[in-house]
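Shown below is the structure under consideration.
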Amino acid sequence: MRIAVLNGPNLNLLGVREPDLYGRTTLSQLENSLAVVARDLGVSIECSQANGEGALIDIVHGYRGRIDGAVVNLGAYSHTSLALRDALVSVDVPFVEVHVTNVYAREAERHHSMLASAAVGVVVGLGTQGYELALRGLVATLGARGTIT
Amino acid sequence: MRIAVLNGPNLNLLGVREPDLYGRTTLSQLENSLAVVARDLGVSIECSQANGEGALIDIVHGYRGRIDGAVVNLGAYSHTSLALRDALVSVDVPFVEVHVTNVYAREAERHHSMLASAAVGVVVGLGTQGYELALRGLVATLGARGTIT
Amino acid sequence: MRIAVLNGPNLNLLGVREPDLYGRTTLSQLENSLAVVARDLGVSIECSQANGEGALIDIVHGYRGRIDGAVVNLGAYSHTSLALRDALVSVDVPFVEVHVTNVYAREAERHHSMLASAAVGVVVGLGTQGYELALRGLVATLGARGTIT
Amino acid sequence: MRIAVLNGPNLNLLGVREPDLYGRTTLSQLENSLAVVARDLGVSIECSQANGEGALIDIVHGYRGRIDGAVVNLGAYSHTSLALRDALVSVDVPFVEVHVTNVYAREAERHHSMLASAAVGVVVGLGTQGYELALRGLVATLGARGTIT
Amino acid sequence: MRIAVLNGPNLNLLGVREPDLYGRTTLSQLENSLAVVARDLGVSIECSQANGEGALIDIVHGYRGRIDGAVVNLGAYSHTSLALRDALVSVDVPFVEVHVTNVYAREAERHHSMLASAAVGVVVGLGTQGYELALRGLVATLGARGTIT
Amino acid sequence: MRIAVLNGPNLNLLGVREPDLYGRTTLSQLENSLAVVARDLGVSIECSQANGEGALIDIVHGYRGRIDGAVVNLGAYSHTSLALRDALVSVDVPFVEVHVTNVYAREAERHHSMLASAAVGVVVGLGTQGYELALRGLVATLGARGTIT
Amino acid sequence: MRIAVLNGPNLNLLGVREPDLYGRTTLSQLENSLAVVARDLGVSIECSQANGEGALIDIVHGYRGRIDGAVVNLGAYSHTSLALRDALVSVDVPFVEVHVTNVYAREAERHHSMLASAAVGVVVGLGTQGYELALRGLVATLGARGTIT
Amino acid sequence: MRIAVLNGPNLNLLGVREPDLYGRTTLSQLENSLAVVARDLGVSIECSQANGEGALIDIVHGYRGRIDGAVVNLGAYSHTSLALRDALVSVDVPFVEVHVTNVYAREAERHHSMLASAAVGVVVGLGTQGYELALRGLVATLGARGTIT
Amino acid sequence: MRIAVLNGPNLNLLGVREPDLYGRTTLSQLENSLAVVARDLGVSIECSQANGEGALIDIVHGYRGRIDGAVVNLGAYSHTSLALRDALVSVDVPFVEVHVTNVYAREAERHHSMLASAAVGVVVGLGTQGYELALRGLVATLGARGTIT
Amino acid sequence: MRIAVLNGPNLNLLGVREPDLYGRTTLSQLENSLAVVARDLGVSIECSQANGEGALIDIVHGYRGRIDGAVVNLGAYSHTSLALRDALVSVDVPFVEVHVTNVYAREAERHHSMLASAAVGVVVGLGTQGYELALRGLVATLGARGTIT
Amino acid sequence: MRIAVLNGPNLNLLGVREPDLYGRTTLSQLENSLAVVARDLGVSIECSQANGEGALIDIVHGYRGRIDGAVVNLGAYSHTSLALRDALVSVDVPFVEVHVTNVYAREAERHHSMLASAAVGVVVGLGTQGYELALRGLVATLGARGTIT
Amino acid sequence: MRIAVLNGPNLNLLGVREPDLYGRTTLSQLENSLAVVARDLGVSIECSQANGEGALIDIVHGYRGRIDGAVVNLGAYSHTSLALRDALVSVDVPFVEVHVTNVYAREAERHHSMLASAAVGVVVGLGTQGYELALRGLVATLGARGTIT
């Protein structure tokens, strides 16, 4: 089973950006620890990050027929990008949406996700460990459904 | 560390009620499997369920000074009950909100949670395994913060 | 065929409460006259009333696998309780919603029903005789569909 | 006592139009069976249907001083026509509003009725038998009030 | 100068319909007294009334190239009919909108007029004498502009 | 019978301010021509103008028990001042609201009047002659009701 | 294959009404040129126009079992008439909605169509040639689906 | 004169719950000090508290024909419970609504009260002394009106 | 301790204006009786009233460094004046907002106060005695906080 | 005459992505068939597609002074991108907006287009043939206006 | 060139009022430093401040035909006063709107300006130096346009 | 002190694009004149422009720890991009937002800025000289705060 981990705009600054809010784990530390979890779960993962909506769409398109599920944190685009929802639906890859912070306790612009209604599930506010929980949840869900490869 | 698991209205019918939507795991099966996870995590758990808003408030009040954190699925009251948010805040117990189904893919009445802005985090749509993920996430978060007992 | 009649908050005061609005028939007079109608229709009925949302959910859960249809007037909870809609849907019992007064001619809070979209039908504003009409309508509808028992 | 039964736009196609939604009883079958009920109730009825808002207003004006009450299903005009509410109020004829389908389980445009706040009552979702229930409810209500003729 | 006076739905019942609200002057009495005013003002008038939106559109189309201005009270259609605004604009006839009652002191549905933004002016709440005021205002306005004939 | 004519903010600039919109009649010309009309109608008038909300309230309070009716154009305060509606209601003086321009064809802020629901009537868009029409309409209405003096 | 072309209120004035907006092609010129296109496409067409909502519903009812598809421009009723959508759905005739002008660049009242969600497609703003495009698009779509006759 | 004091959900935790917000007076201290005030005012009081909406309705029903007025703080139910407003209206007991904190300076969910429009008055933000002020205000108001007993 | 009592627009007519709504106590009677209460409480009061927003702002500015707290009823300006909230906040004087009538049972325009979120508390609907209650509440609150002088 | 055809995000997957919704014609098949149509119409076309908003803006800027008109389907950006409307307006190129599916029959997010009010026209729901219709409509419109080259 | 600087309600307290928000520069210090800037720019300035809406309107009217442009900070009236926008438009004086604080980072009531759409430009959040920037921007803009004197 | 000047989508066309709206100064002319101002102010500037949201985020990330403040005009992204606000906040660089045109006098989509609440200040509608004013305002503000370098 092949899982993608996709991070969106400003998440390259994880661990550096507003650490009181987002924590001090950097993106590469996070990706490394997810790789360990993935190995435990017997799945392979590939991690990507981009700041551009178009670049993220291109990455998602690359999942087509090759990736069984995705853990995605599309940052601010989660709240504004219909095109990214369309991209994820286009390639027919089940995904779990993650947010590091509790978006419901922040500004109103972050309360609605364009992605959530198309997601398998959503994990919010549990810090960077939320990615691990999402990965575990996704793999368990996919296990129950069967995979492409 | 002492964790409460609280289920709200209609969740006594878990496994029986609309199984295509909510799955076939019953509430007692769920509580048993959470007990196993809790033991692994080295925490004790206590599980409760009630259908009445007042009964749930009473249970929450009982957490005061005795419970370190809670995993709560308050069912439909999540979307309508300010009194339950007040109760959880009153006893100052950090909690993670769980929903078995993806509420964002259902009716508009389920898109807004009265609890979420006061929660540590939210786990949505990952079936009954969402409780386990929430429990793991909560215990890890509390571990980083220290506990009462 | 077994039909439940369920009355919600403040309907224990029927006949006493604001009689110019709700009429002078008491709840027990109403239940007695519905028993007569039921006998004519060849169905059995059981009548309940409660003021608590949780108590009403418990009663509804008791319908499961035992009741073929319900005539419900959930009073003010009709307009605020998602949990009661969930309960009715959970036990898979077709129901007709009744209101004694014309809720559309009263305050805006009463114009929207949380139950109506899950109901078979709605009877509004025809006084306490509305229960009888709802009962007749429900039995005829169920007759056309077949019943559990 | 003289009762009018008024059907609005597209109800001439009853029994033919979307039968899964509206049933297979035609308008003339419905009017015939209402005539039987009326005879039982000891009232006379007159039935009309029109597709035009103006034609319906003209029919309603004809009720003035001649008709004691009306059972009306004004179809889509129920949701858009203030002029028809004005017409019914102008001639001072108490009426019960009927909808064959459960409008609250359909598109948002059908959730609000322009007529309902001026009606005696509303019967929704009980199929074509809803007219009979409305007729019985109306006659009983008028009986309690006294009539013109 | 040739002025049309156009009355819409239910205004044929003027003087009869809800007299406490609309007064006791009938439509023909009103039209007669407007004829007297018109004579004083040195203009000719033609008066029409219809209950149907289509019939009213047909009447308005007949104004084309023949009528210099209109006093219109389109009743409930004022609040719902874009087609009638289009008709009045299509024939390029300046008009003053009249309402017998103070629509701003009545139900919210009557607070917005579809016609008003295309009108020369609006006279509201001054009873049936409002037509005379509108006629005087219109003739004075047209006098300042020049006319077709 | 004693009638007040009250003009609000910026109407001292009438005839000078945006003449394409408001016309070229100055406030004193308008007041003079209204005096002529008043004489014809056999009523006395007193005219005031102020730019301040408080000053206007003081003027209105001065009407108490001395003035039978008022023609008021409160300019922009019509759309924002609840205090002026309260003042007019406090002194129990029937009034007709006038606007020189067609407020419904201008910015959205001008579409709603705080005064209109408390007015006898409203005359909009007929230029400065609208005051005369309002005065005639008011005197006729008061005549039918009787006056204080 | 038999195609209906239906024009609604005020479109009888096409070519005459506001020509800068709607162009100078009259309705009969338009219908003639559509007949030529129809002949090329090997389909027969029948063209109707009416100003009344009821009259238009009657025409649509006449399509039942006789017409394979329709090109409709219901003018202002497109934005207000649920009854006409119901009529088109009742007779189960696929249709393409046309607007001569770009309704999205005009008043807000024209931005929402009651018909569009039930249409095959919509052609907006391309002038009277939009009918031809709609006809071609409809015929091609129906060709792919098969027809009644 | 007999006055009820009714406290709703979470108010059993008064003095303990979020003391910076709600103060350090406990519910029983508050009830005792209100008893002293009541004695001064020459009225008897009875105090109740419950966390359940149904339990509170039951208490209110018990006021019927026995209680002259009530001071109520229904906590979060003030903002969500139509059923409790109905209960208070059903027993026809005048009441003053109290809130310990300034609800208008807190979350938007607390800005609207379901009870206020049915209350005699409202006292907000003056801490636990607000109950005493409400009691004094209620007794004075009832004194002016006369009482049941 | 020095307390200001400030009344806004139209409150000079207290006792005279709509007595069924506002009661028959005049403003000077009210101010006199508040002076008696103040003496009992051992505080000095100064009372002002003005109808103009600017005049009220000037009065409030005069409180700066001289007044310890204020009881304010700014009438209709409570619902529309951001400038008066700014003025009260500018001089840093704690205040209690009073309304004689129950604003929540009146028109929607009176349901929202611009002042309330900046107030210590609000007393609504308890007639002119509400000022005394507010004064007592304010003095008690200030006593607990300490004062300027 | 030189026409651009511009496709936005996810349209590179046309024919592959959700074929039940978007059909089985690929983007290059579509572009080829449009080239044939263009040749027939005697115009040249150039086709582009990009997934990034910035990349699409760059392409549009390249139209400046070189392209006479455009057929654009900007996919999800149609509903969210003000920057792309600005780009199209900046280069002053008339365009027709196309959507393959009937966006009005899909999620609410797709009902409003940011582009439509600046477009010549809109063709919706007619599948990939909608591009051809838009191209024909655009060329005919431009022919009537004259072109740059 | 003659420039007016107009300050509205509560700005007489500049430097004293909430200094953390508004800074410690007093109004007269500000006006003096603007005089220096004006001299550098070769323009004359006159500065005014008032707390009353009517007084401000009077000042603005005094600009007529004498002032070439204005820098205005109307404080809270910016958000509520249509009358002041009308006044500024009435005298046809181009103006730049200034706010000392960043109104977009404060309460929602301050996010919308009634003046902004009629202004040349807006300078927000740059403290009291914002007046100087606005003055420079206004003078440069007027220089490009030419002036009255 | 090091200041960045960042321009967003379509601003590469400044001076060319809609010159009546945006003026005739090109982007490079603007950047050159800002360089002169910067030299006068004793600060260094670096100017960038991009059309892509991702490209702009990348540029902003490059400011981290190197730039003291920024003058940004993000064009249409100002109104839609939460990701760019996040980027600016992530790198903790104070910024002033500029708009060349008066966005409040244009379409509603431009009335709200996603950036403004996170900005130091906003300069709107003063043409390309607005950048210079923003630069001066920013440097003065930063001077008062101290800088990184």
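Going by the order they are written in, the chains are A, B, C, D, E, F, G, H, I, J, K and L; count residues from 1 in each one.
Just so it is clear, a residue touches a chain if its C-beta (ideal position, glycine included) is under 8 Å from a C-beta of that chain, and two chains touch if they have at least 3 such contacts.
Given the structure is predicted, the values throughout are model-derived calculations rather than measurements.
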Review point. Hey, what chains does chain C share as contacts with chain L?
Key: none
Point to revise | Centre-to-centre distance between chain L and chain K (centres being mean Cα positions), rounded to whole Å | key: 24
Check your understanding: For chain E and chain J, what's the span in angstrom between their mean Cα positions?
Key -> 46
**Study point:** For chain H, residues contacting two or more additional chains
**Key:** 52-55, 80
Revision key, fill the gap. All chain pairs satisfying the touch rule are A-B, A-J, A-L, B-C, B-H, C-D, C-H, D-E, D-G, E-F, E-G, F-I, F-K, G-J, H-I, I-K, J-L, K-L
Revision key, fill the gap. In the complex, the residues of chain C that touch chain D are 96, 102, 104-105, 111-113, 116-127, 129-130, 133, 136-137, 140-141
Review point. Which positions of chain D touch chain E when the two form their complex?
Key: 52-55, 57-58, 61, 64, 80-83, 85-87, 89-91, 114
Practice item. Note which residues of chain G are touching chain E in the complex, please. Key: 8-10, 12-13, 16-18, 50-55, 75-77, 79-80, 109-110
